[in-house]
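Here's the structure we're looking at; comments come further down.
When the chains are written out, they are named A, B, C and D in that same order, and each has its own residue count from 1.
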Amino acid sequence: MIKVGIVGGTGYTGVELLRLLAQHPEVELLAITSRSEVDTPVAEMFPSLRGSVDLKFSDPKEASLVECDIVFFATPNGIAMQQAVQLLDAGVRVIDLAADFRIQNIADWEKWYGMKHASPDLVAEAVYGLPEVNRSAIRQARLVANPGCYPTATQLGFLPVVESGCVELTSLIADVKSGVSGAGRKAETSSLFSEAADNFKAYGVSGHRHLPEIQQGLARAASESPGAVIGLTFVPHLTPMIRGIHATLYARITREVDFQQLFEDRYAGEPFVDVLPPNSHPETRSVRAANICRIAIHRPQGGNVLVVLSVIDNLVKGAAGQAVQNMNIMFGFDECAGLSHIPVLP
Amino acid sequence: MIKVGIVGGTGYTGVELLRLLAQHPEVELLAITSRSEVDTPVAEMFPSLRGSVDLKFSDPKEASLVECDIVFFATPNGIAMQQAVQLLDAGVRVIDLAADFRIQNIADWEKWYGMKHASPDLVAEAVYGLPEVNRSAIRQARLVANPGCYPTATQLGFLPVVESGCVELTSLIADVKSGVSGAGRKAETSSLFSEAADNFKAYGVSGHRHLPEIQQGLARAASESPGAVIGLTFVPHLTPMIRGIHATLYARITREVDFQQLFEDRYAGEPFVDVLPPNSHPETRSVRAANICRIAIHRPQGGNVLVVLSVIDNLVKGAAGQAVQNMNIMFGFDECAGLSHIPVLP
Amino acid sequence: MIKVGIVGGTGYTGVELLRLLAQHPEVELLAITSRSEVDTPVAEMFPSLRGSVDLKFSDPKEASLVECDIVFFATPNGIAMQQAVQLLDAGVRVIDLAADFRIQNIADWEKWYGMKHASPDLVAEAVYGLPEVNRSAIRQARLVANPGCYPTATQLGFLPVVESGCVELTSLIADVKSGVSGAGRKAETSSLFSEAADNFKAYGVSGHRHLPEIQQGLARAASESPGAVIGLTFVPHLTPMIRGIHATLYARITREVDFQQLFEDRYAGEPFVDVLPPNSHPETRSVRAANICRIAIHRPQGGNVLVVLSVIDNLVKGAAGQAVQNMNIMFGFDECAGLSHIPVLP
Amino acid sequence: MIKVGIVGGTGYTGVELLRLLAQHPEVELLAITSRSEVDTPVAEMFPSLRGSVDLKFSDPKEASLVECDIVFFATPNGIAMQQAVQLLDAGVRVIDLAADFRIQNIADWEKWYGMKHASPDLVAEAVYGLPEVNRSAIRQARLVANPGCYPTATQLGFLPVVESGCVELTSLIADVKSGVSGAGRKAETSSLFSEAADNFKAYGVSGHRHLPEIQQGLARAASESPGAVIGLTFVPHLTPMIRGIHATLYARITREVDFQQLFEDRYAGEPFVDVLPPNSHPETRSVRAANICRIAIHRPQGGNVLVVLSVIDNLVKGAAGQAVQNMNIMFGFDECAGLSHIPVLP
């Protein structure tokens, strides 16, 4: 049993972390903090947790986070970069579910996130927490940058072909659709039911913060292709569902391989990536509330365009579930511990 | 470990049973039958089960159901009454999730369900599987009639006041709202997305099959009130969500008691009934995908009308979850075994 | 052609007023005000209006509202009571879509709305704008208090039986379900898509502002029953759809009449109330985007409880459409002018 | 006033035609046929039409369709190709909302639609009813093939760049998302609420019937580019909303032009195509229930990929509305007659 703390638990990644950790066999929840909700029982804000989580939100300043073995930051961007250092200094390991440590290029990060980075040196140390790429580094990491939801679905869909260098890297297209919980639990007009229901739209076409994160990841994956430049068009959309991301990925084939086999081989040992049989169409609900990425590969009309379909639950494999997976790796637990929930369908 | 079979597994109660049983520590799934889908892998029809359930649908005639310790019928009404007897004769215990054994009065059953009953004697033996009422009888039962979804939410909401005789039994009102999965997975126009989404309606106001089931249960509960006649107005509605039932119950108070205390006492030892604090409004999502009934009690403007709000997930506490709870009781397992999932919110 | 102004047009009743008025044959839109959006083109905020409405939001202080023949207040509660008087003094007629002038008892209003009333004398003059009750008074009115959405659906459903005195007035029950647009376009957590979708809940069971409004209306309707006291239990619910209200109304029958005939006779001449044939179940989508109330009458199992089902679109017959209907009456237009849209189904 | 008939009016395009035609100033509805619903009042099946449409469904054999000036076929594929000829011979003009006359290459049509074509000669005569391309031919047409919903949104989005030859024609990508009403009103499991709600998926990636229709249209548009071959990857998706199509279109730029200007010029005179200002993101709800296509143009990061966003209501500009627009053109009415509804938002 390890002692676990959560900083900032009033959003959707917070409640999802609580759902997963409260059922985890190796975890004792020690503290969850919220400046605005001090002393409110967690289960009062999230009645789904009644009977399972007895904690109250505590003041970040008074919470005994330094007694934890690991602390998750489920905070807005810009918080972990200020507070992680004290915890690390006290020997606490940290997983940040926000974006503070995801981008290695500090200037890039500052441009996309519109603030000055408070801990550039920690960025250099942080391990990008995509287990399918960085498992061994995660095992040793003090500080893990948990990937974004779009980047998880997109990278897992592109990795096999980018690593093997069989598609044109300069003309990748990611047309990605997200459920509304991806926008968080902030009270914003655009996330209202009456705005988002029975409606579909693209947003951020001119540029979205997840673009540099995906490009960085794909560039690493393409390291076998010297001098590779990743050219990616990334278009996010909002679709009227609560959870789920569906990435539809397009790549121009430059070298013939058995793509189905390529994907199956790449993910053969991965407990949380499921390559579907040929001619499948993964549905987001097939991974609802579970830590799974399901992928299907198509080649329409036998042409030279590869179409990859990749689905995850944005709150699980795209956030809290992946964070727990990283924790399992960091502490030498069974990687599937606490993550074997079967998706909820219908 | 017990051996378990499912007859008729292509509907929503079937897939939900599979989700729960595949994660149950005491269960080995032996067979699941479907006449129309023989040899189709279950996970091909329900991709959410990929990696968790390896079974194929088998022919009901060839399935080794008699080797099971228990068989669940997740079939349409009218099937279990024909097939249960052979299994019972072979020493297999049976839980019917359909309505065949719910109504003790055969004439009543035949009127509401529009068919001749094939096993009236088994009806007499069958135990109505509402653990909060019949726990000890369920323990001994060979044959359990699993309650309907509306009846579960409605009875659990009315039981404390009917048992204690503090409301007028002749003027009860149950205004109940159900998600669309309650209509099953049959291809019917009225259940189409484009018919049911962004829409709300009542149906069956002149009479619904769950009315006699609720009346029977409440009459039993009122056995302390000699000669009690249950007068119930039951109006079901369809609401555009997948899972969930919300019962809004109205009763005229005839005797003053501390209603909050009455409910808390009645359900004090119940693992799956949660009485909320005063002035609460349970949401259906607070029990989504979990075997819980949450109840709140109100007395608007301090008047003489008691309002009880009762929510369940129709596929879990209203069907498959309650069936597993009954199985746990029948076999002496921990009643919560395999049923401790935390609700999925959001 | 009359000149029309709108105060506060950034909410859902505002955009709905614009949709209806922009297509109205007798209306010239002169100004729409918003303090927060001065100079923003209306069609930039509501792209559905591109090509139909060329106005920009103007500063309330600078808008030429006094040049209008009529001004609609689509503002939060508490605004019209401060600003209506200047317009009325300038000879402008006013329809308030908020609650400022709906309750004749000032003390009651101040209790439910939590503020001091700024124009008690105008309350006395205001006409309650339910045309099916007050048509002739509306014709002469300078100031119309447009009814709330719940009160419209509930009163139209109860009126025939309350007026004719054939039900018990002290035990009326209104179990009412609303789409989320009823909560307005304010950014509030509880109205977020991820909170309200795939979910159902009651709220305000202990007391809701629409309760005194309904009671006042029903008491007037019962004026033939001397000394009548209206006892109403009113439970509002939130259902995951955008538009629509479904009222399920329960009354104890005290005198036998032909209820179907009673309703058909009561609404025979009403252009916007449609009494359905016996045994019907009105759906909210059957009135979507149209100024219609559809009503069905039931008497389950031939008992002594009358069940009335009443549906409206909360933004049309429950707000903007009824306001336009009132305007038509006030200016002697065809009452259906600009209101003959056929509901949008599916 | 012209006399109008509809063959096959029990689906969504049928009821939408009725909604539009019943409000059309130049139309008298003479007959609507349905083999399965003879003598059922239309308004009984679609209560939204109560008070607006008094017709009953009539037997196709007995309906006086030959007395009509124009007949719409809102039938499944394969009906109009058998029945249109008699009407044409009798001097009745015909618009087919199904696919029977859309594809000029008969072999292609028979391959994609899996049946032998009954009237190949009529195909040659039929005019493809996309007014923005074929307005003058439509004016003279006896027989109009009304375009599919995906093809309308996709062609209108691609036309300006394909006609002007400034993008690579061999690598076009159309990632298109449709509401569920696009699948029609047939009772099919995959269209059930509990299957389609809170879910997102691609389908038909290996090939969809609308692909050859789009390719044919784009090839015509590219006629200025001699020998042009259209290479199109078309991926349709199902999104949980009732109405709406959102096409996200990708093209590789081969020649620099002012794309915003190009689109604005191309559609300058078009009453039903709205080019949004730069950096816009059209929402499907901004065209809900209206005959409008809204388009926005993007060039992410100033690169060489053009992204076009194009939205329509699949039942209006993608079906019934476009059919009425074609009728208006054929009979010399104002092209906007009966089509000036403002979209319903929210």
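In the analysis below, a contact is a pair of C-beta atoms (placed from the backbone, for glycine too) under 8 Å apart; a residue touches a chain by one contact, two chains touch by 3 or more.
Note that the structure is predicted; figures quoted are calculated from it, not measured.
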Which number of steps is the smallest that gets you from chain B over to chain C via touching chains? 1
Return the chain whose centre of C-alpha atoms lies at maximal distance from the corresponding centre of chain A. C
Between the Cα centroids of chain B and chain D the separation in whole angstrom comes to 45
Inter-centroid spacing, chain D versus chain A (mean Cα positions, whole Å): 39
Counting in whole Å, what is the centre-to-centre distance of chain C and chain D, each centre being its mean C-alpha position? 37
Mind pulling the chain A residues that touch 2 or more other chains? 12, 179, 181, 194-195, 197-198, 240-243, 282-283, 285, 288, 346
Footprint of chain B on chain D - complex, ascending: 12, 179-181, 183, 185, 187-189, 191-198, 240-242
Residue set of chain B touching chain A in the complex reads 12, 15, 19, 22-23, 46-52, 181, 197-198, 242-243, 274, 276, 280, 282-283, 285-290, 292, 294, 315, 340-346
In their complex, what parts of chain B are in touch with chain C? 171, 173, 175, 177, 179, 194-195, 197-203, 205-207, 231, 233-235, 237, 239-244, 246, 248, 250, 252, 279, 281-285, 288, 298, 300-301, 303, 305, 307, 309, 311, 346
